[in-house]
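Each of the next two complexes has chain A plus one more chain, namely chain B in the first and chain C in the second.
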Partner chain A sequence: MALFAKKRKLNYGIYGFIFVLPFFVVFLIFQLYPILYSIILSFTNYQGFMDVKDATFTFSQYTDLIVNPRFLQSIVNTFIIWMINFVPQVVVSFLFAALFTSVNLKMKGAGVFKIVYYLPNIVTAASVAVLFKNLFNYPDGIIDKLFKAMGVFSDPTYNIVRDAWGTRILISFIQFWRYFGYTLLILAAAMMGINPTYYEAATIDGASKVKSFFSITLPLLRPIVLYTLITSLVGGLQMFEIPYLICDGGPMMAGGRWATETISVYIYHMAFEGGYTNDYALASAASVYLFLIVLVFSFITFKFFGDQAFGLEKKEKQPKKSKEKEDV
Partner chain B sequence: MKKIISTVLALSLTVGTMATATACGKDGDKFVVWTFTNELKEMIEDYYQDSVSDNTEFDIQVIGVNDLDTKLSSAWRAKKNLPDIVAIEEKYIAKYAESGMFLDIEDMLKADNEMYDYTLDAARDTQGKVMAYAWQSTPGALYYRTDMASEILGVNSPEEMQAMVSNWEDFLNVAQTLKNANTEHFSDVRILSDVAAPARAFYSERNASWVVDGKLSIESQLYDGEYSLYEIIKTLQVGNGTWGEEEDPFINETTERQTAWFTDMSQDKVFSYLLPSYSLHFDLKKYAENSTTGTTTAGKWAVCQGPSTYSDGGTWLGVIKTSKKAEKAKELIEYFTMNEDFLRAWANDKGDFMNNKSLMSEFANDATKSESFLGGQNHYKVFHQVAEQVRGNNRTPYDSKINAMFSEWAINYAKVENVSKSSAKADALAGFIEGVAAPYGSKIDTDITLPNL
Partner chain C sequence: MKKKNVTARKGLWGMGVKDWIWFVICVLLAFMCLFPLWLMLSNSTRTTIQIQQIGGAESLLFSTHFFDNVASLLNKGFDIFGGFFNSLFIAITSTVLCVYFSALTAYGFVGYQFIGKKVLFAVLMATMLIPGQLGMIGWYQLVVDLGMYDSWTPLILPSIASATTVFFLKQYLETTYSKDLVEAARIDGAKEFYTFNTIILPISAPALATQAIFSFVYAWNNYLPPLMILNSSSKYTLPIWIHQLNADTHEVDFGALYAGLVITVFPLVVVYLVFSRFIVSGIALGGVKE
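Then we have the complex of A and B:
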């Protein structure tokens, strides 16, 4: 029992450290180190089978990239595909979330719908890509045939993956279909979290449904909308699987540009895909650009929504904790 | 008690994570083989180990062809956890021949004079040294439907068929006849399933590679002239229709290696496929049966050389420099690429076309060799002829991408997509050149002017 007596004296805080340690170990090895390493690589000429020790400093890939039509197009593609999927995603999710949580409607089976809409999110991207590829495959895909019979595709020899906008819209639709259930769940949960007394008070004051939606629901959802926007923006800018799997970033367009090659797909192509040149330095520089783009847009979004988006006024800084640490 | 449990939990979590992070298989004694094809595994387990009595333990890892490239590249850069020998697919052989990763195989094991020349040329590094040997040779040929040939074309032997399609002009004439066919069993037959099929033949037949003296080189037979690749694809795509308007193609508008392309092998829509030797076993035999109706086209095929002399695919074996078992590796490669007993046994069992001229010539002249899928034809005869003439000195590490880009723009030209009709060819070629410039600009000089545009 002496052992226990001794242990009792231990600082309880030690458990906290032990429990967070795995995360930090994994984070340091698999996240922080690669991030720093690719930033370093982006300033070298490291490529192919070169020994990394022989790599020398150069800045040229940064300047090469800003004039490379294919890379610039990949930025444009990323935003096009993200916009086409994100705007309808938020609108539809809002609408459905309002319907599902409406006190007056008391919709039956809302839970079932939520689950069904969420399902695509848990199917792996590879399976989704194969599914859609087969559905739209020319000339024997079911949807391809259906759309031609219905006249949606007016040209009988139309092949969606050979058409730049066709492929973009298809990829955007898949992204929309995969993620709107998730956004819906988040928004519905946030709406249910709003205190119903606000609505009661509004009703007593004679506010219409529409008025209370815009004056109560929307403002109170602001932090959640910001959250959705930021996560979707970061996720959307890093979009990889679906564009890669549907047609490997193609089809090719004039000027050496590709129609659905997102920044991540471009990075992957340049660094890893056989037939290209395993240009790790260039790919690293592209990923630094991607990082900067994400940073800038996240910053703009935060500015646009303001700090109060989190429902917090700026607080006085807590007394410094670091001092305590030093004492320990 | 709670504290003990939480301490144990916390520690096991930490230790578990650390262990995963640092764990790596240490199997120093095993002979490690990385391959993208199951065949090598079978060769080692069912042939080598049965005939050679030694107690080498093998660790054979079968990895998808593209994943193998990534894995091998990273392992070589780290110079850690490398295999002893590795099987390389054709699209990567030029890259790895130049990588400096392989032991100079000619030094340790002189090639016999039996290997087809192109298999050696394809595996040469920039100094001209052979880096890897192949056990198989993969000549391409035209597999066609005998029932259609006799009913529509009145052709009853592969020799007669060959006489009808020995060049692209004749090939396109046959395409026209098939398209207009209206016989008892067949009508509107398409000569090929996908439009880009002739491209592989053209790339393989080029005199030089895509890059000559650091400059992009586009040989004129690819785009210039009535029977250039561009015009052949256009004719196949437009068919009886009008270019840029209504198409009535000679092909079935599928994409290579996609569902519809395979389905065509079991139906009466497509007359022929341009495919390499191994596709007989891996593709045609596998997809000849129609999964819905249960009918099969097996036995209704034959093979002839067709309008070109080309090869497609293939597997090369190389010994990694860091291997401490080079002696064993040499023994293995010698067994798989030069041991006649093995090559004979494998060919007899699998019908595969081996990289051994006299053996294949013997098979070609052996009246007893017949393939029931091909209606009893001896396919070795055709392949042997082709394999001797295939070129192997026209490869670059970029081929898989550049080939795909060239085909893509040839199709754009044929379909008048992404190009304007009045300057379609110039637009398409410019599109191709820009396509090459974007990823390879710093390595390949793309500032070229093409004659006759």
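Then we have the complex of A and C:
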């Protein structure tokens, strides 16, 4: 009887495998194979004009890139732009998430505000970039005119996309504009999930609101902060549309470096644009460096915030496990 | 406790002084979100000369030239409506594939036990951390090698393998799936695939709806992959038309440009406002891994 039951289960198991199969077939063809192909190309001298079969092995792209000032600058740019938008984004999101979940505040319209704050996130990034570029455009952009009238830009001939820091700050602002609503919603949901009895206990013990924020809210939110940090980092390091469409990675700086060329824009320039031969090998090597940077920073983030996150994940996994067994 | 309640009920609209301060700050932040979009809309109704001359509060008002701008866009060869329907087709097919196969994959993981399940799920999770750009050049080469250059297939087909959607649907199914439902169907002699279509899909409907919206928005906004592989203008999607508009730098027709932006953004905003409650709660569910 028991044996028979086991056999039946195994028969059903094969359906599980069949059901997940399409995902993995497509994944293998369109995701894993391109990744492996890129890695292989990064070790060749393959360029657009040659047949891929004629490409030969070389490691020189990797060594060329680490001393290439334009590539190094693109890494620096990526981090500058990410930092200028991520830090204020998290601060603002935390503040407003706390506000929207606060029990004491009787402010109206929180639901509408949430909807409005998330709106920029769904708007096509390419359109957003072109929109901001034209609003800040000198001399016809409306925000440009407004800022000059208000004295934000003191020089009447100031052109934001000719100024390295001006363009960086503009791009960072657009990233902030697009993502703070998303981060806010995620943090607010996590705060709602905290058991209110913790706060009640803290109040009874005489803890102030600020104190309970730092000793209850923050520690319990660590996993979600980690999640936000990693997704924002992985996303931020891949930033492409906004810097590419705002100023094509420019303006130029001394020594052939570009002020807002991110790693992704650099890869795209090398592979497809800019009067160069299509240097697929160099672009692939740059994408491998990008991957390594993402790996290192994800690892550091996990190390730094990790213990709590892992602790919680373990706790979450256990009930799932028993449930799976039950469901077989 | 009592004191707090009393103060909270005082004031205009039941909000105290503190609530009002926060309310004003929230309004300012909302203004920051909407102001650029408002300017986009108002500028799309003005001629280029009006846009160049205008300044100050006037720029917030609407004019009457929206359709002139659209006509000028079409006259210049920017087939924005062709792009609109191309985008719509790609977004809808991608969404259907993404949601259906993600649900199937999620059910495969939740409803069954098979060898290698844990490893496969670990692989799926790991793909979420890999930056898409790593495979960019290889993907381009693959598309060329398969003879799919300048076609929509490589834009649509990969949506079958969306790890984040599978992850979300798996989380959802784990809370709603009950073995009894499926067992009853099995006793009645239902095939597994039939069970999925008639039982699992309907019980996942709320989660599928949320994910369908995200998937649609993602496909609609997709920019870099079509930029790399689409060549003939009859196949351009809206973001590629925006790219072309942006590249058209000599004698910029600002009115037409803003009209083009409105046409790309407007459908999304409508979809968003209709489904906003779904979307806002969907993000909350997706972010909190419980």
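One rule holds in what follows: the second predicted complex is superposed on the first by the 296 of 328 C-alpha atoms of A that agree within 3 Å, B and C clash if a C-alpha of one lies under 4 Å from a C-alpha of the other, contacts with A are read in each partner's own complex, and residues count from 1 in each chain.
What we mean here is this: a contact is a pair of C-beta atoms (placed from the backbone, for glycine too) under 8 Å apart; a residue touches a chain by one contact, two chains touch by 3 or more.
None of these values were measured; they are calculated from a predicted model.
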{"item": "Simultaneous placement of chain C and chain B on chain A, clash or fit", "value": "clash"}
{"item": "Touched partner set for A:294, first chain B, second chain C, both or neither", "value": "second"}
{"item": "Touching partner for A:175 - first (chain B), second (chain C), both, neither", "value": "neither"}
{"item": "Touched partner set for A:107, first chain B, second chain C, both or neither", "value": "second"}
{"item": "Which of chain B and chain C A:52 touches, first, second, both or neither", "value": "both"}
{"item": "First, second, both or neither for A:134, with chain B first and chain C second", "value": "both"}
{"item": "First (chain B), second (chain C), both or neither touched by A:190", "value": "second"}
{"item": "Per-residue contact with chain A, leading partner among chain C and chain B", "value": "C"}
{"item": "Contacts of A:22 with chain B and chain C, given as first, second, both or neither", "value": "both"}
{"item": "Contacts of A:68 with chain B and chain C, given as first, second, both or neither", "value": "first"}
{"item": "Partner chain(s) touched by A:241 [first = chain B, second = chain C, both, neither]", "value": "second"}
{"item": "Of the stretches 115-123, 187-195 or 205-213 belonging to chain C, the one that collides with chain B", "value": "187-195"}
{"item": "Intersection of chain A interface sets (partners chain B, chain C)", "value": "15, 18-19, 22, 26, 29, 52, 134, 140, 272"}
{"item": "Footprint of chain B on chain A - complex, ascending", "value": "7, 15, 18-19, 21-22, 25-26, 29, 49, 51-52, 64, 68-71, 134, 137-140, 157, 159, 162, 250-257, 269-270, 272-278"}
{"item": "Touching residues (chain side chain B, partner chain A) in the complex", "value": "3, 6-7, 10-11, 13-14, 16-18, 21, 66, 69-70, 73, 76-77, 91-92, 95, 99-101, 247, 252-255, 258-260, 263, 397-402, 405, 408-409, 411, 415, 417-419, 427, 430-431, 434-443"}
{"item": "Chain A-facing residues of chain C, complex", "value": "4, 8, 13-16, 18-19, 22-23, 26, 29-30, 32-34, 36-37, 39-40, 43, 51-52, 54-56, 59, 101-102, 104-105, 107-117, 120, 123-124, 127, 129-142, 154, 157-158, 160-161, 166, 174, 177, 179, 192-193, 196, 217, 220-221, 223-224, 228, 238-239, 242-243, 245-246, 254, 257-258, 261, 264-265, 268-269, 272-273, 276-277, 279-280, 283-290"}
{"item": "Residue ranges of chain A in contact with chain C within the complex", "value": "9, 12-20, 22-24, 26-27, 29-31, 33-41, 52, 92, 96, 99, 104-111, 113-120, 122-135, 140, 142-143, 145-146, 149, 177, 181-182, 185-186, 188-190, 192-193, 223-224, 227-228, 230, 234, 237-238, 240-241, 245, 263-264, 267-268, 271-272, 280, 283-284, 287-288, 290-291, 294, 298, 313, 316, 320, 323-324, 326-328"}
